[in-house]
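This report concerns only the one structure given below.
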Amino acid sequence: MASQFGTLFRIATFGESHGGAVGVVVDGCPPRLAISRDEIQFDLDRRRPGQSRLTTPRQEDDQVEILSGVFEGRTLGTSIGLVVRNKDARPSSYEDFKDVFRPSHADYTTEAKYGIRNWQGGGRASARETIGRVAAAAIARKILKEAAGIEVLGWVQSVHDIEADVDRDRVTLEQVEAQDTRCPDAAAATAMEEAIDAARERGDSLGGTVECVARGVPAGLGEPVFEKLEADFAQGLMSLPAAKGFEVGSGFAGTRMTGLEHNDPFVPGEGGRPRTTSNYSGGIQGGISNGERIDLRVAFKPTATIRSAQNTVNRAGEAVVLEARGRHDPCVLPRAVPMVEAMVCLTLCDHWLRQRAVDVLPR
Amino acid sequence: MASQFGTLFRIATFGESHGGAVGVVVDGCPPRLAISRDEIQFDLDRRRPGQSRLTTPRQEDDQVEILSGVFEGRTLGTSIGLVVRNKDARPSSYEDFKDVFRPSHADYTTEAKYGIRNWQGGGRASARETIGRVAAAAIARKILKEAAGIEVLGWVQSVHDIEADVDRDRVTLEQVEAQDTRCPDAAAATAMEEAIDAARERGDSLGGTVECVARGVPAGLGEPVFEKLEADFAQGLMSLPAAKGFEVGSGFAGTRMTGLEHNDPFVPGEGGRPRTTSNYSGGIQGGISNGERIDLRVAFKPTATIRSAQNTVNRAGEAVVLEARGRHDPCVLPRAVPMVEAMVCLTLCDHWLRQRAVDVLPR
Amino acid sequence: MASQFGTLFRIATFGESHGGAVGVVVDGCPPRLAISRDEIQFDLDRRRPGQSRLTTPRQEDDQVEILSGVFEGRTLGTSIGLVVRNKDARPSSYEDFKDVFRPSHADYTTEAKYGIRNWQGGGRASARETIGRVAAAAIARKILKEAAGIEVLGWVQSVHDIEADVDRDRVTLEQVEAQDTRCPDAAAATAMEEAIDAARERGDSLGGTVECVARGVPAGLGEPVFEKLEADFAQGLMSLPAAKGFEVGSGFAGTRMTGLEHNDPFVPGEGGRPRTTSNYSGGIQGGISNGERIDLRVAFKPTATIRSAQNTVNRAGEAVVLEARGRHDPCVLPRAVPMVEAMVCLTLCDHWLRQRAVDVLPR
Amino acid sequence: MASQFGTLFRIATFGESHGGAVGVVVDGCPPRLAISRDEIQFDLDRRRPGQSRLTTPRQEDDQVEILSGVFEGRTLGTSIGLVVRNKDARPSSYEDFKDVFRPSHADYTTEAKYGIRNWQGGGRASARETIGRVAAAAIARKILKEAAGIEVLGWVQSVHDIEADVDRDRVTLEQVEAQDTRCPDAAAATAMEEAIDAARERGDSLGGTVECVARGVPAGLGEPVFEKLEADFAQGLMSLPAAKGFEVGSGFAGTRMTGLEHNDPFVPGEGGRPRTTSNYSGGIQGGISNGERIDLRVAFKPTATIRSAQNTVNRAGEAVVLEARGRHDPCVLPRAVPMVEAMVCLTLCDHWLRQRAVDVLPR
């Protein structure tokens, strides 16, 4: 469905950028999980605008409220309602867009699909829609950590043509969060900041890539055909605003290798468990995790909202020139990191629960 | 679910590479569609091995039988059962793999997940699994063509480091099928054939990319949040065997453009319909089609089965050297084309039907 | 999923009886439907306690707030968030039940399933859970009325051994709402009131049946196999608290008829449309509506919460005597009427939209 | 979807009564279950016509073939394809129905929904459609027995006005199968046989009820809101051909009891587990199993196909008189027993697996 994600750990989100509230209903969360409002708020704070000069100056408090499903600090096993009120709405700043289709935005396609549109902001196409995902994923992340020992960590790998050098096995949350850009390579981070500042000054915007790893994933998660682990990651990550590409393991670069170069040789590991000496597979073989680190990559286009004048058309079908104002990110990459992690957490938690319902007979 | 794909136009596939049969149940197909066994067989013939010297010499007849859901040449609206018997099984040629995990195959992950494995071939991880998808998609393709005027066409865009030059607006099925490689750029096709021959001779394999376009898609298909059109394409395409990456429109290259360069300006088109002067969006904005050509790209890794000796482990956890025999493709790209088209057809048909159930009130 | 209902018109509910709020996310609602908060509130007011002396004296305001999905009085086509704050919570009055399993309540089964329980009220097993259903169904009802000309109407058909005499073709909402019991047969209504009063006085409770009709349903809604229209009605209605039985058309009484008596003869109707001269089928044949009035019936057990002393056990497994206090309905039937209508509206709206996605090729 | 049932243990069926084959794809079956073709065939033999003079004389072999998903006698965990060829088709005997709508059949509603109909038999509305359900349920039954110690048993409780007296705790499969009627009360069985014979002779038909118990169900299966255990049973059972009513526990009779009479008192049981001294709840409280015997009841209308002349209309909208020939059951009840058991097994197996994915954190 349009606003639902997952099979067993399943979420339904709602909320426009400028309506009354955004939120999520989490269904299928296991009971007895200790979870606090603060743990959910932590990831929301990483997602929200106004964290640094690199992001939009809109100040959104984004304080989450738990409406149901948690009792005396533990989940009940029933549906969890989470809501975040919209506060800093300035619909008037969107009056310009009421009858004009912003290029490479969802204005025209929303109108084409629905014949109606909440022009006071981006509606469901706003990045604000991701609040529900991030809030729900904070719960999924806790399950993965507590019950399965899985850690999910993302970072900004590139901005425009600036590429970072990051050790996927050792990079930490602290290193990522130490940089406004969420790029843990300090030198690259500095260059990225400069590039973003320059883009903002000239009324332009930049794109880039986010990498994300999942460490500690046991072998056996995922399905062999349509719901391959990489297929569900791809769906989740390509559903993020501005995503244009997805890779697992070697990705597109792998197409320029030969089979002999690309195959990951197995060697005996601890306890007889097969391990690989390379990881071009990105931790997934045939749709199922192999126990190695999962490596994912997402491409985000440069932000569509820019201050420069652009040619476009209005609802009457006439050519017009648009000069956007409003408050927007010149580069979504730093804020995209918690969104990427969110979709990875939701997908992994779902598949981890699903495997519990598969492996029920004695081995 | 593991073996199901789609929401309204929904398929459930079954079958191992060396069991009794492979097949599919198609649910949600509109009634009164004229469809013949030959139309389904046409795409299966494009998918099967043994078409040319470029593919595995296994001769699989892959004759499809319609078991239900079609009456006097038209669909009944009820579930359609399609089955293809497995004929050319030589389980003995797989004896070598019974206790050995082939590198970068699904042998180990299948064993880890299920604790059991049909070692006589690749089980569900075999490319033979895609027969059900391709058969079902032939029906979806017919609906798209007849009822919506949509055409889906894929081709081999690159093999290893050989890249084709193809006009996405004008390329035809005939041009694609005229080449054993399914690369419509004749010069690139020749180079690809030579590279594939060379790889086979030295016991190695090659990967590459498939591009796919959908022409004639109306604006308004797709969903704004999780089931964005590109997200569902990504899931479908990343569920194909050997897929490692997915792009829509500008893809990863788009991350190196600025917003000003990347935004697709709108201009007034025929009948007042907004058109874009560039197509970095790939025909989708905010998860919803904008009426332009849809551009997709999939990366396929080099075939994991190679004839060269490789280090691996057996089920007992011991290091062994594997020298694979059997009959396999040195390059899956030519046969991947109908598989890519199949997932695009299934996804588009599903969203086209879904939009019929959304747009029900007067505009 | 636990808290989700429907395929295309799909809802996800949340909320315990004594948590922060109850609510619902409605996904798949067609765009451009005119809907006001008052229209949703109307059905909620019919559902809430404290309407008359026949129902629990708890005063619940149950004011619904629209959080998203509606703009300038019309639906956007995107997910609609509805929330009702919990106000009149007196957790202390539930202290008695903290460690005691009330007979024929969900206390023990909740504990068995989840190992945790919100003992401050009935949790998700509370009738308060139905607020989300009723709110969402008010929207479904509007679609059915506006777009399809379908009217759904329920009433109390029996309380204990008092059976009403109601004309299914002519009974009106006004006649139903004119009675505190929601039984439109005035004589039976009076007898029911007396019986309910007597039961309350002696600390006991009563059950009964609700009948519901859908008038104006076109032929062709429903599916031929698992999602037969009557099967989906049955699931929806048997998911209501306290439901113990379901009938369509002749129901159990039909088992004592012969085929010759039970078959509904067809006769030519207006415009050549086949009509039936009897309606033992209840408007559905082979899972699909036949254009006649749909007749449904639901059995509700007597309320489990009674004031009389009862034998039970506590969480330690010891025998104890329970004397319930708290504020409860001696008979849920009057309030069950809008709940029954809600599930019928949700099911019909879903199938009506689904049929739009089936009937897409020229006839 | 139309032809799919279940969430984790999920089936997709196909096949008309007179097409090439009927069958089913079973998705989500746990791996390593020992299952043989004979175990599946056993239940199919109970379902098929021609078992005794009480059922239609059509001789259907109904030999099931396993096409995939089972290897060396054990399930692989991947999708299982099962198919049964249609053999005894005599389309000519249906020529009479080509343009005539049989009263209380699905002929007219199928035509209304789809605008096309396989008139050679009942299409998907034929009882032959249930072959796929019964075949799949034989696997579910084995899981329930082997892994959970659950036994599902049904029998004919009434035919027309003849009611059986059966001990729900002690009745056995042998007692049921010893009677052609599948009514384990020998005296009632004899009376039922005479009534069925008499109905056949006069060209009429009879209905009745099937009861079904599930013994050994652990407490904790089911969901608290929409997918209550009784709601999913109701959907499954009301999706059987000719079903008109459903009851759990006290059912409709429970509406004539008071709360004091109806509540099931808890007493301490073995190991401190709460047990009830009565079972009006039918083993389910608040949608979740309570560890007591599950009691279900389904009403089946008298067979619609009768030999007597009936008034009806044809496709041209003209009044005609129909005198059906063909070979049909004067009473479906005996053959309905394995169908009822099938839906109960499928539902219970699904919920048993689902609970495995819920109860994952330490208690």
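Going by the order they are written in, the chains are A, B, C and D; count residues from 1 in each one.
Assume contacts are C-beta pairs under 8 Å (C-beta built on N, C-alpha and C of every residue); 3 or more make two chains touch, one makes a residue touch a chain.
If you're wondering where the values come from, they're calculated on a predicted model, not measured in any experiment.
Colleague: Report which of A-B and A-D is connected by more C-beta pairs in contact.
Modeller: The comparison resolves to A-B.
Colleague: What pair in A-C, B-C or C-D shares over half of its contact pairs, by residue number, with B-D?
Modeller: Most of the contact pairs in B-D are shared with A-C.
Colleague: What is the size of the turn, to the nearest 5°, that moves the C-alpha atoms of chain C onto the matching ones in chain D?
Modeller: 180
Colleague: Of the other chains, whose C-alpha centre is the longest way from the centre of chain D?
Modeller: Here the answer is chain A, farthest from chain D.
Colleague: Any idea how many Å lie between the Cα centroids of chain A and chain B?
Modeller: Computed value for the inter-centroid distance: 26 Å.
Colleague: Taking each chain's centre as the mean position of its Cα atoms, how many Å separate chain A from chain D?
Modeller: The separation of the two C-alpha centroids amounts to 45 Å.
Colleague: Would you pick out the residues of chain C that each touch at least 2 other chains?
Modeller: Only 1-4, 8, 13, 28, 31-32, 77-79, 113-115, 123-124, 224-225, 358-359, 363 qualify.
Colleague: In their complex, what parts of chain C are in touch with chain B?
Modeller: Per the stated touch rule, the residues are 8, 28, 30-33, 77-79, 146-147, 224-225, 353-354, 356-363.
Colleague: Write out the stretch or stretches of chain C touching chain A in their complex.
Modeller: Residues in contact with chain A: 1-4, 8, 10, 12-16, 19-23, 25, 27-28, 31-32, 65-69, 71, 74-81, 83, 113-118, 120, 123-124.
Colleague: Which positions of chain D touch chain C when the two form their complex?
Modeller: 1-5, 7, 13, 101, 103-106, 108-110, 112-115, 123-125, 129, 158, 160-161, 199, 203-209, 219-228, 230-239, 241, 243-252, 254-268, 272-274, 276, 280-282, 284-291, 299-306, 308, 310-313, 316-319, 355, 358-359, 363
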